[in-house]
Structure formats: structure tokens, C-alpha cells
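Both of the next two complexes hold chain A, though its partner changes from chain B to chain C.
Now for the complex of A and B:
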């Protein structure tokens, strides 16, 4: 039971990191990405291989985040000229390209992935590390929102052309958003690889990318607290719906649809509605 | 000879992609929605077809069943899902569409089983003809022919009928079209009905070609369909057809020559990204 709860905590924290990272790209900076799992996978593979080659755990994690961030920079650079719907499809393509490439690489284990990744921490240790990482990212995300860079991200998200007319180097800030967001995913990937000890390409497929985006959107795109709540909720949901395990995906799809249909600004939007209602009603 | 065969098989797959991509690009051209759930309609058509064929023993009856069910469901998706979201940011409809597709896919799995349904009797699959030394079965020929017929009929419809003119007017300037008395909502229903009918036909043909209709059959086709309409210039109908054929051929050669580096499904996106690096708005100009 304890092991079950600890693993739930780890996966919840990993999802928080993934969702907050994507929220920096899609929420703060307005660049919808449908390929976030590719960077999660990149971090996982990089950290796993480095760890197996004998590098210390902490160094592997850091380098995993770095490699994912570097790939994010490359992808960001390649997609600078592509906007909106074109960008969504291109990033989706990056996800499929990642999968298609990894599956065919002998040195990455092909379809079977990488096994026997060392596990340097106890389950409790991993839980502390993951929660610590997630909290650090909440802090980073809150700080970013208030910083000058966050201000520019908002301008780019609202109207890229206007921002660039005002002298903002939009390309530079979009790249920053990509690097930060993908490095967060890479860090989460490194932890994931060491927690499970085994990674396969299919863990980083399109559904995983959609799941991360769903956490962002269900929580409320652009809102740090909303996204945090969305990630926790969607991690717990399959557990809560255990009794209907067979219908899990059906319910998941229907939930996405329902949130978009009736509350497109997510939990954060609902919370804002409630706050407003409370304020306007006489005490 | 081998290369000619690759080319022909590639063009036939490309024809199937075109049937799928036409509906996607029509929806995009009119509403600016990336209609991922189109893949659900594709699989739905295939299921309607296989159930009808196995119940009646007639493959010919499967054709109207697949097309009819798909054409009926498409407009319903517009009415109950997309129509209330049109004023929202584009990602809202996109994610709703992904959600709908996941739910449909899982619905098929729950209703008809995870391993799919084979056709009890599929003479089109086993009957082959040899054309200039290349052996093709009836399903492959039907794929090529039906794409030619459907795309041709659609072209005539768009160019020469009153409804077609109303449609083009609505795509290029919805408000102006409305001032001239065109009902944009009716055009949208028609749009979804025609696009979905083609997806249903494509689904049935792919089901016949694999002799199996399974829950996940729409997924890869739909993602590739999105890549195709981006390549063709979003909303550009002839562009989508050309991009479909190009992709079919590139994939067919790629599975032979790139097999060591990439799997088949990644080739479409490698091509997409390579093209977008050079031409960020696709091979051809987007609509509007």
C-alpha cells in the first residue's frame, strides 16, 4: 500500500513537471505544442544511457534535462517561422519522428527500449526528489510569470505581430520558452527512467503528448495553479475510476470533450467564476 | 519493374490519403478547425461496412452503409461539438476533437472487441488482376477509381453547380456570402456531410484491403491526414490531393530505402518538417 502511494506521488509530481513545462510554451508564450512527450522521452533515454554508462545519478539527470532542452532549442529554431495550426501539426510531427527514429535504433534498444537502468534511490527518496522538483518548477513558473520575460511571453501570446512591431525580439523569447519547457520535460524524463528502470518508446507516444496537453487545458491554460491542479487531477482520475477500468479511455476522452465544450478555460476558469460570484454576492 | 510497382502501390495509398484529407481540408478551409475526429468517422464507416457485409453477405450493400452512416454522423459532430466552440481560440476545438476521437476509438473497442472484425466473405480482396505485370487486387483498383470519381465529381460540383458556387463564396468570404443570401450554416452541414462520406468510403476500403476493421485503424491515417493538409497548404483542396499522392509515393519508396532509419509512419512527418523548413505555409498557398 505504501509503495502504491509513493509511486502515485512520484507520477503525480512528474506529471506536474511535464504540464508546467508545456504551460510555459503553450500557456505563457501561446505556442501550442502537440509533441511534448518527445522531450520527456529524450530526457529519459539520455539520462538512462548516461546512468548505465556509469555517470552519477545527479549528473545524468542534469544532462538529460540539458539534452532535452538542446533538442527543444533545435525544434524551436526549426519551427520559428511556423505559426498556430501549422505549429501544432509540426510539433505533432516531431513527436512521431522521435518515435519512428527511436524504434529503429539498435543502440537505443529499438522497440524493446532500455532496461536495467540503475535505481540509486529508495521509493521514498524518489518521491521526495520528484515532489521537490515539482515544487521548484511551481516556483520557477510563478516567478517567470511575474518577470520581464513572462511579460514578453504574454505579449507574444496575445499578438505576435504587435509584439514584434514594438521591438520585441519574438524569436528569441519563443526559443527561451521552448528551451525552458522542454528542459523541464527532460528532467522529469530522467527521473521517470530511474524510477521504472525500464523505458520503451511507446511510453512517449502521441497519447502521452495529448495527456500532457490535457492536463494543461483541463487545469486552465496559462495558470500555474490551475495546471498544477489539472495534473494532479488527471493523475488521480484513472485511480479514482478504477472500478470502471475498462472504460478509462472512454471517460478520459469524454472528459476532455466536456471540459472544452462547457468550460474551455478549465479549472482555473471555474475558480475565477466562483471567486467572482462570491465577491459580487452581498456578504 | 520493382520501382514501377512501388510507384503504383504508392499512388494507390496516396489516393486513399486523398479521400481522407479532402474532408479534413474542407473542414479546415471553412471553419479553421483541425478535425482529428475525422479518423473516428473513418473507422465508423469501416465498422458500418463490415457489420452490414457480414449481416447481409453482400459487399455492395456495405458501400452505401459505410458512406451513409459516416455522412450522417459528420454533421452531428459539427452541430453538437464544433458549432458552440467557433468563437473560442482554435486549440479548444482541436482538443475537443482529440477527446472525441479517443472516446470513439475506445467506444469501438468496447462494443466490437479489441481485435477487430474481419470480413466473413471478401471476394474483392482475393480477386487480383495483372496490369502491365503489376498484380493488384480489386480493393486496390477500387481505391484508385473511387478517388478519381469522387474527386472528379467534387470538382465538377464545386465548379459548376449553384451550391458549389455558394460554397466557394462562403469559404473565401463568409460575411459577404451571407449578405448575398447564402446560409453559411447549411454550407457547413453540407461540408461535413460530404467530407465525412469520403472518410467513410476510405475507411471501408482500408478495412477491405486489410480484411480487418479494428478500433485503432483511424489513428495513424488521421495524423498523416493532418500532415497532408498542412503540406498542401491548409484549406487548399487541390493542394491536399497532390500532397496525398506525393506522400503515398514517398512512403512506398521510403519503406524500402529508409527502413533502417525511420519507420513508415514517421516518414510523412519527416517530409512535412523538411518542407515546412523551406516553405512555412506548405507546398501550396493556404486558403484565404
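Now for the complex of A and C:
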């Protein structure tokens, strides 16, 4: 039971990192991405291979995040000229490319993935590390929103061309969003690889990308606390209701559409509504 | 040397030859009124000069530097600012936030500095001064999307001035304002010009343009038809014909509500 709780904590924290990272790209900067799992996978594979080759755990984690961020930079660069719907399709393509590539690579274990990844921490140790990492990303996310970079992200999300007439190099800022967000995913991937000791390509598929996006959208795109809540909620849901696991893509897809249709600002928007209602109702 | 000098500028959209072989020179310190009937290519010329649209042919020099191939943000940093005919505020920001972002241009030009810094004080103060001058302080905290058109027009101007340009290109800043507001804003434009800012003013409100412009340039069908002192240009037969050809737009009336 305790092992189960601890692993739930780890996966909840990993999802928080993934969702917050995607939120930097899609929520703060307005660049929709349907391939976030590819960067999660990149971090996982990179950290796993480095650990196996004898590098210390901490270094593997850091390098995993770096490699994922570097790939984020490349993908960001390649998609600079595409916007909105086309960006969604392109990033989805990146996800499929990643899977297709990994599955065919002998040195990455092909379909069977990478096994016997060293496990340097106890279950409790991993839980502490994951929660610590998630909290650090909450802090980063809150800071980013308050910084001038966050303010520029808002402008880029609203109207890229108008922002560039004010002297903002919008391309550079979009790349920053991609690098920061994908490095967060890479860091989560490194932890994931060491927690499970075994990674397979399917863990980083399209369903995973949609799941992360669903966490962001359900939580409230652009809101750090909302996304945090969304990630926790969607981590618990398949645990509480077994059937959710079997129909993940269907349920999360439907959830995505429903939130976009009826409550575009997600849980964060609902919370704001409730707060306003409480304030305006005579106590 | 002129502050801005464009030679033989041309651009085609699909089949429409929006700007065809335009030569234009903007002198330091002038307030150049740019007029012409609907569809003459005024907005397109402004967008070519600021880099929002790439020219098919021609060259643009700003303060002696060739900026023909420079992206829009680089031209803005060199001192070229514009307002949009169709207002484009950052919709989920307040009026003050919109102008502050522009006022923080020194920070936002360096992403790493922008990531590290959170202090809004200096930019807020600068934005506050501009809102004061534009007489829209009372709207400072309101969401930009909810503002009346007249205020959004002035938001555009505030944002453009906030980047401390050397050349300000205004695309119909008076459209959507009532007569009193238009006159006050025109006064402000004239004052900014007297303080040293070079201005190109695209405007259909001829009365105000003739009142404040130091020179007039007339565009018709993508080309420059005439240039010179306002009263002289307006006496020319070809200029009158160009205007009369398009349903009395020359008075600027009936265009108030257009964005």
C-alpha cells in the first residue's frame, strides 16, 4: 500500500512537471503543441543511457533535461513559421517522428526499449525528488509569469505581429518558451526512467501527449495553479476509475473538447467564478 | 540626408498591385500628411516601411542604413514605430499593461534580462505619463478589448510612442473619434512633431491633416500622384479628380465609424 501511494505521488509530480512545461509553451506563449511526450521521451532515453554508461544520477538528469531542451530548440526553430492549427499538426508529427525513430533504433532497444536502468534512490527518495522538482517548476512557472518574459509571452500569444512592431523579436521568445517547456519535460523523463528502471517507446506516444494537453486545458490554460490541479486530477482519475485507463484517448479527448467548449479557462476559470460569486453574495 | 528614403517600392497581393514603384522621402522634423482615396495603398506603404509586409522590389533606407531586408522588430528598434489602422491591442491585457510592455522595450530586447526581471515600476511610470498625455488615464486598468474604439486608437498611439521612435507612422489615428477628440489628438500629434518627432500621418480627415501637416503626399492606385504644400496640392485638378472619383470621401465625413 505504501509503495502504491509513493508511486502515485511520483507519477502525480511527474505529470505536474509535464503539464507545467507544456503550459509555458501553449499557455503562456500561445504555441499549441501536440507532441510534448516526445520531449518527455527524449529526456527519459538520454538520462537512461547516460546512467547506464556510468554517469552519476544527478548528471544524467541534468543532461536529460538539456538534451530535451536542445531538441525543443530544434523543433521550435523548424516550426517558427507555422502558426495555430498548422503548429498543432506539425508538433503532432514531431511526436510520431520521435516514436518512429526510437522504435527502429537498435541502440535504443527498438520496440523493447531500454531496461536495467540503475535505481539510485529508494521509493521514498524518488517521491521526495519528484515532488521537489515539481515544486521547483511551480516556482519557475510563477516567476516566469511575473517576469517581463512572461509579459512578452502574453503579447506574443495575443498578437505576434503587433508585438514585433514594438521591437520584440518574437521568434527568439518562442524559442525560449520551447526550450524552457521541453527541458521541464526532459527532466521529468529522466526521473521516470530511473523510477521504472525500464522504458519503452509506447510510454511516449500520442495518447501521452494528449493526456498532458488535457491536464493543461482542464486545469486552465495559462494558470499555474489551475494546471497543477489539472495534473493532479487527471493523475488520480484513472486510479479511481479503472475504465478511464482503457478509454484514455476517448475520455481525455472528450474532456478536452468539453472544456474548450463550455469552460475555456478550465478549473482556474471555475475557481475565479466561484470566488467572484462568493465575494458578491452578501455574507 | 532624409530620415527615411524609399525607392521604387512595389508589392503585389495575388493580382492586386497595391503599391507600384513608389519613391518617398521623409525629411527630419516634418509632419507628412499621406492622403488618398480608399484602396490607394496608403496602409500597404506604411506596412512596407515598417516591415510588416515585404516588398517585391525596391529599397528602403532609414537614417542612412539599408533596412530593406530587416525584420519588423529590428526596424522598430532602430526607431520606426507605427499604429495600426485596424486596432490591434493585446486583448487580454489592460490599457496600462499594453503601453507598459512597449515602454519596457530596453528590457524586452534582451530575453535573458526579460526572464530575470520582474520590476514593472519604471515602465508603469512611463506608460502613466503617456496615458496622461493621451487623456486616457481613466481607462488605465480596463481590459484593452473592452475599450471604446476612440480609446483603443489612442492606445495604439501610446504604445507606438512608448518605444521612443524617431519616425512615427500613424495609420488613421483620428478615425472613430468625434470632432472634439479628433482635434485634440491632432493637436497632440502636432505638439509631438514640434518636440522633434518626425511623423507620417495617414488620414482621411482632411480638415485636420491640412491643419497640422507641414507637407502633403497624395497616393492614388498604388502610386504617388502629388507632393507639396497642402493648399497647393489640394488645388491641383488631378488630385481633385482622384478624390471626386470616389464618392466625396474627400471631406472625411461618414468615415468616422471605420476602424
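The rule is short, and it goes like this: the second predicted complex is superposed on the first by the 264 of 283 C-alpha atoms of A that agree within 3 Å, B and C clash if a C-alpha of one lies under 4 Å from a C-alpha of the other, contacts with A are read in each partner's own complex, and residues count from 1 in each chain.
What we mean here is this: a contact is a pair of C-beta atoms (placed from the backbone, for glycine too) under 8 Å apart; a residue touches a chain by one contact, two chains touch by 3 or more.
Just so it is clear, the structure is predicted and the values come from calculations on it, not from any experiment.
Novice: With both complexes overlaid on chain A, does A:168 touch chain B (first), chain C (second), both or neither?
Specialist: second
Novice: Kindly classify A:136 by the partners it touches after superposition: chain B alone (first), chain C alone (second), both, or neither?
Specialist: neither
Novice: If we overlay the two complexes on their shared chain A, which of chain B and chain C does A:274 touch? Say first, second, both or neither.
Specialist: neither
Novice: Pick one for A:96: touches chain B only (first), chain C only (second), both, or neither.
Specialist: first
Novice: Is A:81 contacted by the first partner chain B, the second partner chain C, both or neither?
Specialist: After superposition on chain A, A:81 lies in contact with chain B alone.
Novice: If you look only at chain A, which of its residues touch chain B in the complex?
Specialist: Residue list for chain A touching chain B: 26, 32, 78-79, 81-86, 88-90, 92-94, 96-97, 99-101, 103-104, 206-207, 210, 213-214, 217, 221, 246-247, 249-250, 252-258, 260-261, 264.
Novice: Flag every residue of chain C that touches chain A in the complex, lowest number first.
Specialist: Interface residues on the chain C side: 50-52, 71-74, 76-77, 81-82, 84, 88-93, 97, 100-102, 104-105, 107-109, 111, 113-118, 159-160, 162-163.
Novice: Please output the residues of chain B touching chain A within their complex, sorted ascending.
Specialist: Answer in residue numbers: 28, 32, 34, 81, 84-85, 88-96, 98-107, 110, 219, 223, 226-227, 230, 234, 259-270, 272-273, 276-277, 280-282.
Novice: Residue numbers of chain A touching chain C in their complex, please.
Specialist: My answer: residues 143-144, 146-149, 151-152, 154-155, 158-159, 161-170, 172-173, 176.
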